[in-house]
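These notes are about the structure you will find just below.
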């Protein structure tokens, strides 16, 4: 029987407790699946998907590569902590197996192995494990050091807002931070008394802890080490560190094809795992366009969901601009979660659209482009006119579907969590489009674009006008000389992050002027502040957001701000000192007077788009 | 310069020599009132009040039911004035507030549009070979009673005071809308605070009580009352007034228009029947009197010759309070003995001998 | 046919009634019809003030103009000196004159009114007299009224009224000469022609109902 | 004794009683979206409203009816809104109209 | 025969010691002219004496008044307090100022600065001012703010219902004042917020027809009153106020935006009295002097309505401040300076003629 000592029990109890709680919670969350496991789930379990999941667990769970890509120092901090600890656990297992020849031991044995076997034995392999374990410990300690620095001056790690932690998290944090230094000192004391030890622990032991008087300290430190471990494990299931195990299971479930539910069920299936896999790391706060530490930001929103209290008001304030989802290291479906929460809040809301006029027989016309300008288009006639001129110039025939009266595409309803209610609207618009024989549907509003692409399931392709214009330019049906104008381009959230269309607008602007680079753009762009995503942001808060975005856009040298969303344009124009134009307007204005594009050339270009 | 405040405006009322024109509604529902008025003016006060039997309705009610064109009513009024001219009188005494409003309106139109006066003269001549002079004074009977309130009070043994407790009776007034709202200069005190009834009641020692809906219309609504299915309009507006005055526990409602007098009396019965609710706290209803009925009572005329038995809301409680003697048995007696008694109302308490 | 607006302008009560309404709502606040019906004199003034033919026609055909109780409380208060009550009188006159009144249920009731009060004027010289107020159709008059009618002359004469008698006093029987004069006035001044217009409306109504 | 039929009936005064305290659910809507108080009934929202073309929905009118406590009408009308946000874009007072309409639509008890 | 005492042509007499009179005097005396102020009351200040805080920033009226008075004392401008000039007599190039039968002053130039009078709210009888104790005018409310007058409702009334009525004696043909007094709307909003500050639980209603918040930052006050103070604005002019239970008032109006009449019980009703001319000079006299019929609602007519400053058509007779029509304090001060320049111009032209 391995040696054992009383001090291992705090660790063991804590560990057992954590395991039990985790098991119970996970089973509870998977209850509906366990009762009726879907065949797809089983089939994917025993397939390459599981391997892929393991690979992702390793690359994300341990190496935190996604964080590393965005912010090296922050990435290294997370990696060192996670990887270091993982190495020590695995290393400890092998060391004890190699040393005792038995694979199975009491879990405590590997953790406190040094205390039980202070002498290094086993030749070069033994020393290898010694140094390996010390290297792991060193790795963790460096990560720990960086974490402490982050707590004090976050700028050093290149981030300007971190999460305000609750009491439970701070307690868990302190325990976590105590574990490894205590282990270091405990091992050093042991080696100090008995000699040997790795390059770190041994050296520390020899230089500081050799004198006999300190012998009495050895056991207390091991006790402290065990206690801190035990305490950490006890607190783990109720703190942010629940994310460590939950994230692993989440990755597995995702790879096994589990989808997050449409409606809000914080304690069921994948949603539960997503909500509890959030470690409140604060990356989402960092990128969020909103004002510092606004409670609606994702980290706090998920925390409210976990506690089940106070999430209602938070759900409806967020701009749903997608920045946090972009930055989230574990790709949590934040927008979907928020929409589900909103759906829950407004479930009593019943929209009645029986009044919509039935669409009479649509005279089908054979045209290249079906133009849909949407509700916001009505307030930006200049953009529509410019676009039509450009179509003429490019030789594209078009029909303006909603010239008289535009029925909303349904996206704003979806953003309020009532996507299901918008079916009547979608039906109406779909019947407008169905009868037409056209090559494509073009919309000037990214909000409509997202909706057409997501929920409409149209037979013809849907493009934003910037994409069509870019194809015309590249095909030569539109020609532009590079003028002297300097533009700063604002990426609308719905076109950029939500529809990943960054290139076309930039190419267009570069073709007729110089595009200035901005501190935050493309996937990192700030929201114009007026997003339909937010329901209850006050006007003053919105104006603060807009001015923050304008600070980024009004970069020196910019003569005008260009965007490709009527909503952003309308809103930025209200507070901007520079003129705010839509892409189409810019292009139409800089249009060369002569040579109409050939129709075939344009058609051919559009073909291979 | 016009007076600073309308409520201090005192209208000139000649002391004597009036040509009297009757009211269709008053003679229908309160026959005794006009007889008593003439009796008081002629016998008690010795005034010369002339009535020509050939004078007709002013067609005011039909006019406000939009059945009579303006030219027609203007010529009918001219005919009345021609009778007055024939009789040699220049002061017109009008019994009905609606026709008082009509006379005011015609005189005002003739003043501002002289061509209409000429057309009317021509029309009257063509139709009846009559000519007419404009009156120098247009006076409503309540104006005259108000004007003579002191001589009447001097001759009156009674006061609007509760004999047993010496408490002044609480009186609420309702002045007919067409009395001063159309032409403020037509009535004592202008459109907002006409004093023609409150002055009278105060002279008799009554305590005037103001209530929120004092200036609200009683709800006659002319055509609305004439059409049974529209009477909801009329009873609802009277109800607004009753609901509003109820909290002030008035002992008496004083009116000067025959229509209001009838409505404020009858609707208390109808509302009692419909909703089971009365507004005096004892289920008997608040007694309603017109200015001449009050004056006649105060001068000691017999209530039943005054026709007070034709009121649906019984007056006995008021008479007891004031201490006016009456023969309860003779209430329903006729020239030749008692002839049956009205059925007792479902809710409104009425005392029978 | 002259436009509705010009016909209205011929009526002096139209020009007296509406010079320029500034939409302040003081009249509606005290209007008894607004307290009972879905009616708003300010809205009528605003509609008429547009002067548009269809608006006027809609009004003349509609129910709204028949809801005013003509108490003229609005006249005392209007800060612009307008009189919605006069406006209503001119609208009702034109509605009946032009025959548009039969398009509204309230307008159609004018036929009943004409036959009741109009005829009473020419037959008795009074707008209203006791025998018109039959208890069956006037239950609100109460039991005392039923009793009073039963007593008839006895009661009225006791109170000093002449009650359809010859000679002087209240409710006296009008001499034929007087009634003829009244009728002559109605003839001369267009009163009878106005009633004929109402009857033409009734005729047209009967034709519509039959077809 | 059954109530006699007079051939007509009286009706309560149609005037709005402003002294009546606000209904709790109206209070709740105002607290959830305080910017409703900034509405000055200028009518700009009704001018751009698509649903307003087909239905009597006009947000500024709903605010007035909300204050008057006509919860039924407000609830029904608010349900016609597509939440497209044109009104909010043009509102000179920055009222959060979309959120207000959602709250108003929830005033009606959920359909069975 | 009036004595033909020599009239010092450079002497400027200013009738009215309110903000307009004082500011005109200060500017003229700063420009080196000898100036006299004739004020009918015992104290300078005019209506400013009665106000509590001024819109839009809540400056205390007493501070502003104190500052003005200080400057007047500092420049030692002679004051004739308690003297009501009710008659002007042209004598040669100058003027005689009469009070009743006696001449109280002579001057080369006279500047009318007699300001405005508040509309006598009793003339709007349907609101019951002077009859019902709970009905106050805006001036009375300022007195209440200055603790010179008690609140009309008892201390037990923690959540008073208060109504403000706009356009009382303004835009009203029946009261003989067809003009808009411009300031009552912003005053009403200011007072509504001030009342809420005294009684946070109070519910305040403003009955308006068109809210004319004409000046800079006034519109923001309107929004602030709605959002921060919960004042409810009802578009419908008040039609009537009648006594309800106890001291409460029962008022009637129409919410014209909903097209429905409305009733309300109030503990206090504040009437925003309009600004009307003071009729300080007899009607006949005015016709003589101004030679034009008194235009509009009887304020002092000026030549060249659009010309800068204001010269009354009679040589040597000027008008400054609110006597020409409703004006805010900043406008009055600006106008005073303009009038002073006009006077200086006029006096210089006289001197030039004299020397030539």
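Going in written order, the chains are labelled A, B, C, D and E, and every chain counts its residues from 1.
In the analysis below, contacts are C-beta pairs under 8 Å (C-beta built on N, C-alpha and C of every residue); 3 or more make two chains touch, one makes a residue touch a chain.
Keep in mind that what you see is a predicted model, and the values were worked out from it rather than measured.
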By the touch rule set out at the top, what is the minimum number of steps from chain B to chain C? 1
Take chain B away without moving anything else; what clusters of touching chains remain? one piece
Provide the labels of all chains in contact with chain A and in contact with chain D. none
Relative to chain D, the most remote chain by C-alpha centroid is chain B
Centre-to-centre on C-alpha atoms, which chain is most distant from chain C? A
If I average the Cα coordinates per chain and compare with the overall Cα mean, which chain comes out closest? D
C-D versus B-E: which interface comes out with more C-beta contact pairs? B-E
List the centre-to-centre spacing of chain B and chain D in whole Å, with centres computed as mean CA coordinates. 46
Between chain D and chain E, what distance separates the C-alpha centroids? Give it in angstrom. 41
Taking each chain's centre as the mean of its CA atoms, how far is chain A from chain E in angstrom? 64
Would you please write down the residue numbers of chain B that are in contact with two or more other chains? 192, 215, 228, 230-232, 235-236, 240, 270
Spell out, as numbers or ranges, the residues of chain A touching 2 or more other chains. none
Multi-partner residues of chain C (each touching 2 or more other chains): 30, 34-37, 76, 137, 139-140
Pairwise, which chains touch? A-D, B-C, B-D, B-E, C-D, C-E, D-E
List the residues on chain C that touch chain D in their complex, please. 34-38, 137, 139-140
List of chain B residues in touch with chain D within their complex: 228-232, 235-236, 239-240, 270-271, 273-275, 346
Please output the residues of chain C touching chain E within their complex, sorted ascending. 22-31, 34-35, 40, 42-43, 76-81
For the chain E and chain D complex, residues of the former touching the latter: 161, 205, 211, 222-223, 226-227, 230, 232-235, 252, 255, 257-258, 260-265
Give every residue of chain B touching chain C within the complex, in rising order. 22, 24-25, 27-28, 31-32, 34-36, 39, 51, 53-54, 56-57, 59-62, 64-72, 74-76, 79, 101, 109, 113, 116, 123-124, 126-128, 130, 177-178, 180-182, 184, 191-192, 215-217, 219-224, 226-228, 230-233, 235-237, 240, 266-267, 269-270, 304-307, 309-312, 332, 334-336, 339-345
